[in-house]
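Chain nomenclature is as follows: A, B, C, D, E, F, G, H, I and J, assigned in order of appearance, with residue numbering initiated at 1 for each chain independently.
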């Protein structure tokens, strides 16, 4: 059988290939015609790509066929190891959820009633906002409200 | 010594007192003249209140003096137990961080260089956005960028 | 402030009161005019009840007012401790998810594409099916399909 | 000694080979004349196959001999890592067991007395049910009742 | 509502009351006309007792009514905390399962085929066997074989 | 240096080689003139074999020299990963220890005084007992009593 | 029923009562005519005392009857919480076992063959040894060798 | 770059090479002119060796150069995995620390005041003591007392 | 027996009493004539106080006698729960140890040889350093070097 | 695609190459013209290097190109496994944070108000301080104060 690699290994290949090619995540997104948040997630293994999308990236980053195949397969989403969660850049989001989780919960229930924000019908947006006291990272979690409905 | 309670116990008192008083988190915020995300977090134990703020809430919710005192004390922020993290409304945010954490990290580094979004110089915003296919929960994490600086 | 109890404590009160009253979970459901799976979950703390529903149960089970109040409050759903998860009756479901989880995942994706079964827009059904080799427990998880939709 | 692989590695081979062959899990089941839930579980390592069954799959998916051998070996069932349990499609079932576990337990005891649903004398069924508000995933856990019997 | 206690608290009451009464576990079993393994398990919270059985024990050990009620309620079986599992007398069984688990598994499969020993249709027997080199503890786990049966 | 393998890897080799040779664990034991529980445990890495014993098995199963060497080395006994402990066939023993652990402890103390059953001066016995309602797995843990002795 | 306390609570009573009485652990041991290591362990809940021993201690430390009763009951040995294990004075022993565990294992096997040092037929000795470079803590673990004996 | 191996891998090489060479840990120590406890620990990765010491061992055990290099490197001491800690020969020491930890702590404080036994300025001694009822393993932990000193 | 409290409870009393008295940690230290880092640690339960020191604090903060007694008792040092470790102010130190731990280790070994910084013969210093870009927290860990010395 | 290695693997290469080259961490820092704490952290994977810096190190240590590339890539900072955290040299810092964490927190709040020491705008300093009673390791954590600022 032809050799194959996991989506997690493919993500490592992509990270190195992008670095070597000197192409930004945003440029890849532009070539694909999708949001940079979606394509980066897909290239890191959190969404399956179509064959056409994977072919575009193969061209841009000179990826091996096994990587291209892996990018199209259905993911097991849960790619973060405990180690990754302690990376400071990621941990600050984890911390914000720990510190403000009950606040978020109370205010969602107050506005919408009993239910949740979907993490499936969901999109992510990451922006820089200029600020004289230091620019700001603005990350928006935008998901459909789903009410508990028996 | 006069009896006292922990901030975590105070948060339980506040939740019940607010329910009994029939006052919304947003109304409390309005009386305090602050963002509802800040005041709710403070009332649940994640920020210390000033004596004046605590007095306003005592009036609104008929809180015991021990609760009012606890609201003013310096918090240990980390109030979520493992149990709370598995509440579905909170878990979806945890899941989003697990699924999209590396994506967020790559895009922050691409835009800003090596560093993090502060979770301290930080504010949270929770909105409803009307949508014909079902209204959406829009939660914004807005923190100052801090670069690794030796 | 009037005394109050947590939803978890309320659930313990309900379990004992139901036992003392000699009334079945199904009879309570019938009085409430709802599915027995929903009302049992609500009485054990997984769904909030309306005041009217809580009043019906108070009448049936002679519950204290603090219990009745707790039943109406918004739950933190995640009531199972690790200890509870190792109870054999519950563990078999946990085991089935561990053994068949990837199978369920593959077949959902094959039938519906990339997405999940909602655990929010969701209902549970528990039946006995007569069988000459020993009657069977038939538990149905029925949730709306949600596709990953950016 | 001839090389061999674990059942877990064999499952990875099967997933890739099925993807490359463009054959559905349901088609494999049809060729084997068994339920798709059983054959998918077996191919992912949760049930041993007979030599005849494994030969059918080898033919369909062009599997290596080491994979075919692994499919016939007795499994250690417990294939899900913590990582897999956090995949959203699988986690929703985990969440349902956490949220409704005590409800399921109470209603099994009410209907059958003290005992459990077997996860061994057990079958799984996964269906799509059309619904104008969005089709539904219907997963049935069907196991023999076993009473505590000294 | 009348006060009540948990089965775990009831077990603590029973242990102390038995100690104070100077009655052995075997004598209690004899009064109940059941195996000492079953009655001890029931008194420690792992099986529900009938009202008649609980009344016999109340008489023997002068138990409070709340204890007697708790003994009759349906257990959540999983009473051992991590702390209890490290008690040396219990740990040796845990160790035996860790050291010999795969051996037990292989030999069950060899003798019976693919399946398990039931821990529900199950009985336990604990004996002393005289031995000139030191008497031996002989603990027998005796459960019905259940084969994987779709 | 000549290549070598761990006892855990050797156990995997033995399991596959036994399967390929079509020889039962009991037949291996018979050739070795020992109890099948001991030899199976030894072949799975829980006891060291003598050179003579290992040679007999090499002959029977056509094992590589590195496997034969590994079988003779002193084990680190604790071979079960958390994953293995959740295999249903092994888990039922784990569950029995969790459910009946305190019962076993109380009855050992009642019969023998303060002490433990040795898991070292210990033997295991696994039998099938015919039963019209379904044959039974009978597993006996037989260890010397050791009293706490300062 | 008369009130009772756990052995763990009793240990806390003993620690405070000893402090208040200004009596050393060694003096208690002397009054009891036993090794200070044994009596201290017993008073902290790791060994049951006889009624006579408990009475001596009650006299010395003015203990309540519930404490005296608890001291005589059979312990669940495993009293250290994770928190206690991180106390630096205890942790250094834990560290020594982590760092030197395999060394201890290899040398026991070399000297005695396959087996263990008993922690049941065991005694502990704690001494000060004068040393010009700083006195030393000398802790001896002395247990009977038990060989693996089927 | 020349290939290299970790100290943990080197320890595995040493264990096998010693077995093949038929030389005891004590004989190696004798050749090195050091205590067997120190040299065994060093060969298992817990202490760095000098080049001269490593050369002696290379000669005795015919080790590869990569092993010899690894033996001289600075260790990360913490070599025991959770799996190793459950090996019965090592676990008994872990158990002794769990059962007697608070006793050791109280008696160290009584004799020396507030402080610890060093695990760095520390030596280990392992002896056999003949005993008509069965020889004993005598393991001595001997470390300098360090008082808390601000 | 007179009531008593744990050192952990005493720490809670001290935190509230200090807040009510409006006295700073530094002022308490000044009254005691010790470093503020030492006295704060002692009042939070990490060091035992002398009777004289405890009396000074009782006077300043109007503490109950049970608190004063607890302050003098020998601590179990390890007071941080997992919850406390996730408080952002404390977590940043944890993070620094995770990120820079190996760096610290390499540079200690380079400068001093094989050994550790003592956390017992140790003092802590916390300062503000003015800085035009924002004042800085300067925390110094100062411990005696201890070399591995057999 | 050209082979690549992870930053963690690169760190292992650097450690061995530095050992072989006989160059100190301080000498490498001097060649780079940076603090030894920064360059050591970067070489162990905690900071990205510039191409120029990596080239200097390649020259000094004769590193492979894949190592040089890895040194320049963006790190996931969180390199310590649980195993590494238990290395005694690193653990003492972990212990200091556990024992003195609340003290550090209280004194930061007293001096600066509600906020944290940044671990990003942060520098580390490691010095030897001569002391007649034994030289001391002096490690300074120096980070910008960040106040909670909504």
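The rule we apply is simple: a residue touches a chain if its C-beta (ideal position, glycine included) is under 8 Å from a C-beta of that chain, and two chains touch if they have at least 3 such contacts.
For reference, the UniProt names are A, B, C, D, E, F, G, H, I, J = Cyanate hydratase.
In this text, all values refer to a predicted model and were calculated from it rather than measured experimentally.
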{"item": "Minimum number of chain-to-chain contact steps, chain C (Cyanate hydratase) to chain F (Cyanate hydratase)", "value": "1"}
{"item": "Set of chains whose contacts include both chain J (Cyanate hydratase) and chain D (Cyanate hydratase)", "value": "A, B"}
{"item": "Between the pairs G-J and G-H, the one where more C-beta pairs touch", "value": "G-H"}
{"item": "Rounded Å distance, chain D (Cyanate hydratase) centre to chain I (Cyanate hydratase) centre (Cα mean)", "value": "53"}
{"item": "Chain centre separation in whole Å, for chain B (Cyanate hydratase) relative to chain A (Cyanate hydratase) (CA means)", "value": "24"}
{"item": "Whole-Å gap between the CA centroids of chain D (Cyanate hydratase) and chain E (Cyanate hydratase)", "value": "33"}
{"item": "Cα-centroid distance, chain D (Cyanate hydratase) relative to chain F (Cyanate hydratase), in whole angstrom", "value": "29"}
{"item": "For chain G (Cyanate hydratase), residues that touch 2 or more chains besides their own", "value": "15, 76-79, 84-89, 91, 95, 98-99, 105-106, 109, 115-116, 118-122, 146"}
{"item": "All touching chain pairs, where touch follows the definition stated at the start", "value": "A-B, A-C, A-D, A-I, A-J, B-C, B-D, B-I, B-J, C-D, C-E, C-F, D-E, D-F, E-F, E-G, E-H, F-G, F-H, G-H, G-I, G-J, H-I, H-J, I-J"}
{"item": "Touching residues (chain side chain D (Cyanate hydratase), partner chain A (Cyanate hydratase)) in the complex", "value": "12-13, 15-17, 19-20, 62-64, 67, 83-89, 91"}
{"item": "Contacting residues of chain A (Cyanate hydratase) [partner chain C (Cyanate hydratase), same complex]", "value": "35, 38, 47-48, 74, 76, 105-106, 109, 114-116, 118, 120-123, 146-150"}
{"item": "Interfacial residue positions of chain D (Cyanate hydratase) with respect to chain C (Cyanate hydratase) in the complex", "value": "11, 15, 24-26, 36-37, 40-41, 44, 46, 77-80, 84-85, 87-90, 92-112, 115-119, 121-122, 124, 126, 128-129, 131, 133-146"}
{"item": "Of chain J (Cyanate hydratase), residues touching chain A (Cyanate hydratase) in the complex", "value": "1-2, 4, 6, 69, 73, 75-79, 81, 119-120"}
{"item": "Complex interface listing, chain I (Cyanate hydratase) residues touching chain A (Cyanate hydratase)", "value": "86, 88, 91, 95, 98-99"}
